[in-house]
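In what comes next, subunit A is part of two complexes: it sits with subunit B in the first one and with subunit C in the second one.
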Partner chain A sequence: MKVLKSIAYAVTLPALLILLWWVLTIDSTNFYVPKPGELATTFVDTWFGERFREDVMPSVARFAAGTLLAIVLGIAAGVCIGSVRWLRSLLEPMLEFFRAIPPPVLVPILMVLIGINDRMKIAVIVFGAIWPVLLNTIEGVRAVDPVLVDTARTYGLSRWQRLRTLVLPSAAPQIAAGVRQALSIGLILMVISEMFASSSGLGFTIVLFQRSFAVTEMWSGIVLLGLIGVAVSIVFQVCERKILHWYYGQKEVQHGR
Partner chain B sequence: MTAAASTSSPVSPTSPPRRAHGRGAPLPSWVLGVLGIVGFLATWELVVRSGLVEAEYLPAASAVLREIAELAGTSEFWAALGRTVRTWAIGLAIAASAAVVVGLVIGPSRFLRRATHSTIEFLRPIPSVALIPLAVLLYGTSMQSTLLLVVYAAFWQVLIQVLYGVGDVDPVASDTARSFGLGALARIRHLTWPTALPYVMTGLRLGAAVALILTVTGELVIGGGGIGTEIALANSGGAVPQMYALVVVAGLIGVVVNLVARVVERRALHWHVSVRREAL
Partner chain C sequence: MAGDSATIETGPREDVHSPVALSVQGLQKIYSSDTGDVEAVRDLTFELRQGELVCLVGPSGCGKTTLLRCIAGLLDPTAGTVTLDGAVVTGPPKKMAVVFQEYGRSLFAWLTVRQNVELPLKNAGMPKAERQKAVSEALHAVGLEHAESSYPWQLSGGMQQRVAIARAVAYKPEVLLMDEPFAAVDAQTRADLEDLIRRVWKELGVTVLFITHDIDESVYLGERVLILSNSPTVIQEDLTIDLPADRDQLTTRSLPRFTELRTHVYAEIQKAKRGKGGDA
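For the complex of A and B:
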């Protein structure tokens, strides 16, 4: 009963919205807004076939490579910078500046520096997505309980052991917050880098549809990007729950639920 | 983006005090910060001067700084800057007011919160750049195109925080207000709003950064004037030093936006425990 109720809650509003869309477009000839059925068939025709292998997969692969690299580099550099006090003070203003640069403006710069190829697109994603991970890792490492650090030291834990059993776990919730931001920036940059300079990929294809006024196909591309965004966020939430299960458990206990 | 730690806690807690480890008196951190900036500029200059990277692709730091000074003397530059800031401000204002109103309507009702949850969670992760083709079809290269992206992206940031904030209202205080006969509006004014305000401020801070990213992105990809468009023009025209100068300017705008957001947050929350504790 309880499960049914929550399913009903989750489904009702989207269903109503689609119904409304269907009713409103039932006899409209509006060029910009396709009918729901039409959009669904176009979606399948457009994306499940040749295009899936040639445009969607490479885009997603570049996104995955870039974001993973950004996360790994961000955490590694963040741990180094966060645990050395003078290094942090030395680099903080520069990092604040780099973080503040809107990442898409890096596309033209890296285009000049690297040229137009896959490496450039991955570099754009890394350069844009690394900052939230890096800065959150620094903050997280800095906020490790000093009593625990001293205790670990007194018990003779080596540097590596301290890192693995104390620093990383206690910074993990904050790192996760950074990773969440990095993922959405990575997705934006995947699209932008392809819109700007490419002859394949999702971003390029969608712009191509728009320029040739293939409106229904364009909408189907927007829907696909939306679905990728939702999928990425679900994967992230599942991983976060897995890795940080102890943290959520702790929070639930604290809130007395 | 901001480094704002957890999106759910309104103001990050103050870090515990640390003992200095070094031998002798350590340099104050702002001196180190300045040293960092100088060091970065010097490395940049050296890398180019030594021919490690060709100046054609990466102009020396001094050349870029000179270019910025030159740009600052032209009225076109200030017009573009003004345009970017205006689009950003209008977009953020629309997004924030819409999000606050929607949040205050949905938030207090358990039924509405549950009914809208799946829809919000579905719409929120959609990258707003996906809307670029649609914006171009609807509005061409005018400012509205960019505004559409900015509003969409910033709206969710603020809305989520408002919903968290409204959910944080103390049930005892809420019942007390009710039994004292406060009307719906009075409850919002005296109870819900003050509780949600720290969250709203966090949302605004995150939203301000995202809005700037999307403003520049829209200008870069769609066109229509502003710093982003200037960068695209400099890029296609092969004016490499100018392009780097404009990118640095875009970064400086970002730094200013972050600083202003932090000041506004402290001002608006001067009564809040998290700010008062820092001041003591």
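For the complex of A and C:
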């Protein structure tokens, strides 16, 4: 019942918007604005064929590889930097510098350095998506409760045990916030990395449609990107709820009191 | 060794000839900062014999926590030494467990009650079957066997502190340090927990150093009470509590001797405040 209710909430507004769009475009002859039915047919025709295997899948795979790599590297580096004070003092100003560089400007450079291939595109995603994970991990590791640290020390917890049962779980809520940002940045960079000098992928295909005035097809690509974003966000939320169930439970108890 | 398991049933050893478990010699701690040095603890010397339950009481801000952190090996003293079983403490010793005041912050919120108690044993490499048994016993001792699969934040404050105590008990330390463990729980729960500590102490024959700012609590719990002076801290008095070994919230607290001792400690603390803090 509860599930049905939340699904009903989630679906209502999109349904209304589509209805509104349908009503407004009934008599429309505007070339740039397709009708809902038209778009739906085009969507299926465009993406559920060969393009799914040749453009969508490789794009999603690069996105997955890039963000996953960014998350793993970000957490690993963040734990090191967060737990060693001198390393933090040494690196933090530089991290701010690198973080301030918009990743798209690196595409031409990486193209020259790595070549025009998947590795370059993944590198662009990693370079953009790593920052929120890294900086949030550093903050999360620094914010471990000193009483818990003392507790772990008095019981002589080994370094590995401390990392696994103290530092990582304690920093997990903040790391999750970083991962959430990394996912949306990753998706944006997935598209951008394919807009230059590419011959396949979602970003490439959408640009191709734009240039060839295949307006309905272009729109359908944008819709597909949105749907991928929603799917990613749902997967993330399911994982987060599972890993951080204690965190949300604790918050509920605190607010209930 | 006198501390093997066969003698646990005999209860606390009160004879003065049992070996020294914990010894603090000339302990001094000065915190240096840009605005000048602060001497938290000046010169503390005392000993705990094996199986003793000693309370340390002092005016607020007299460096009780500093002292505890030095004994626990969490803080290096400026001068003096802490010796546990003849070995100088340079870091957190294996044979020691600490129960902190902030129960809510000393338990791992992402582990269940059972996992919290089990963690130090797991880390020490205790085999699984033995570990399970030790955890169950400890949870039984604090009356929490029904809550073993709950998370700490699902429990009340008093129950959370029980979990911390069970964790310390399961670890089977030789010395148990307690830093104002009941300061943040309500009065009724506190009385229960005090009795729990007396019981656990008797059953396990562990040496306990119990730090508190509550005068009644120190007299009710301790076999000995060490009264600290105001900062910079020294031991003002080492008082033996000659109350019966079997204590009870109702009868013990209404004994004339209890009132005498309590009044004495209270007067000493007042003296401590005036003596050093009169110019403040």
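By our rule, the second predicted complex is superposed on the first by the 244 of 257 C-alpha atoms of A that agree within 3 Å, B and C clash if a C-alpha of one lies under 4 Å from a C-alpha of the other, contacts with A are read in each partner's own complex, and residues count from 1 in each chain.
Just so we're on the same page, a residue touches a chain if its C-beta (ideal position, glycine included) is under 8 Å from a C-beta of that chain, and two chains touch if they have at least 3 such contacts.
Since this is a predicted model, take the numbers as computed values, not measurements.
Colleague: After the alignment on subunit A, I want to confirm one thing: do subunit B and subunit C clash, or do they fit together?
Modeller: When both complexes are placed onto subunit A, subunit B and subunit C end up side by side without any clash.
Colleague: Should A:Asp145 be classified as contacting the first partner (subunit B), the second (subunit C), both, or neither?
Modeller: Both partners.
Colleague: Where does A:Ala64 make contact in the superposed view: on subunit B (first), on subunit C (second), on both, or on neither?
Modeller: A:Ala64: touches no partner chain.
Colleague: On the A-aligned overlay, A:Phe97 touches which partner chain: subunit B = first, subunit C = second, or both, or neither?
Modeller: After superposition on chain A, A:Phe97 lies in contact with subunit B alone.
Colleague: Looking at A:Tyr155 after the superposition, I want to know if it touches subunit B, subunit C, both of them or none. Which is it: first, second, both, neither?
Modeller: second
Colleague: Applying the touch criterion given at the start, work out whether A:Leu166 contacts subunit B, subunit C, both or neither, answering first, second, both or neither.
Modeller: second
Colleague: Just to be sure I read the superposition right, which of the two partners does A:Gln181 touch: subunit B = first, subunit C = second, or both, or neither?
Modeller: The first partner, subunit B, only.
Colleague: Determine, for the superposed model, which of the two partners subunit B and subunit C contacts more residues of subunit A.
Modeller: B
Colleague: For A:Gln250, using the defined touch cut-off, is the partner it touches subunit B, subunit C, both, or neither? Pick first, second, both or neither.
Modeller: So A:Gln250 only meets subunit C here.
Colleague: Once the two structures sit on chain A together, report how near the CA atoms of subunit B get to those of subunit C, whole Å.
Modeller: Nearest C-alpha pair, subunit B versus subunit C: 10 Å apart.
Colleague: Residues on subunit A in contact with subunit B in one complex and with subunit C in the other?
Modeller: 145
Colleague: In the complex, go through subunit C and note every residue touching subunit A.
Modeller: Interface residues on the subunit C side: 69, 72-74, 91-92, 94, 96-98, 100, 102, 105-106, 108-111, 119-120, 122-124, 151, 153-154, 171.
Colleague: Quick one: in the complex, what on subunit A touches subunit B?
Modeller: Going through subunit A, the ones touching subunit B are 6, 9-14, 17, 32, 85-86, 89-94, 96-109, 111-113, 131-132, 135-136, 139-140, 142-143, 145-146, 173-174, 177-178, 180-181, 184-185, 187-188, 191-192, 195-196, 203, 206-207, 209-210, 213, 215, 218-219, 221-222, 225-226, 229-230, 232-233.
Colleague: Give every residue of subunit B touching subunit A within the complex, in rising order.
Modeller: 1-7, 12-13, 15-16, 18-22, 26-27, 29-30, 32-37, 39-40, 53, 57-58, 114-119, 121-134, 136-138, 209, 212-213, 215-217, 220-221, 228, 231-232, 234-235, 240, 243-244, 246-247, 250-255, 257-258
Colleague: Using the touch rule from the top, collect the residues of subunit A that touch subunit C in their complex.
Modeller: Within the complex, subunit A contacts subunit C at residues 145, 147-148, 150-151, 153-158, 161, 165-166, 169-170, 172, 246-247, 249-250, 253-254.
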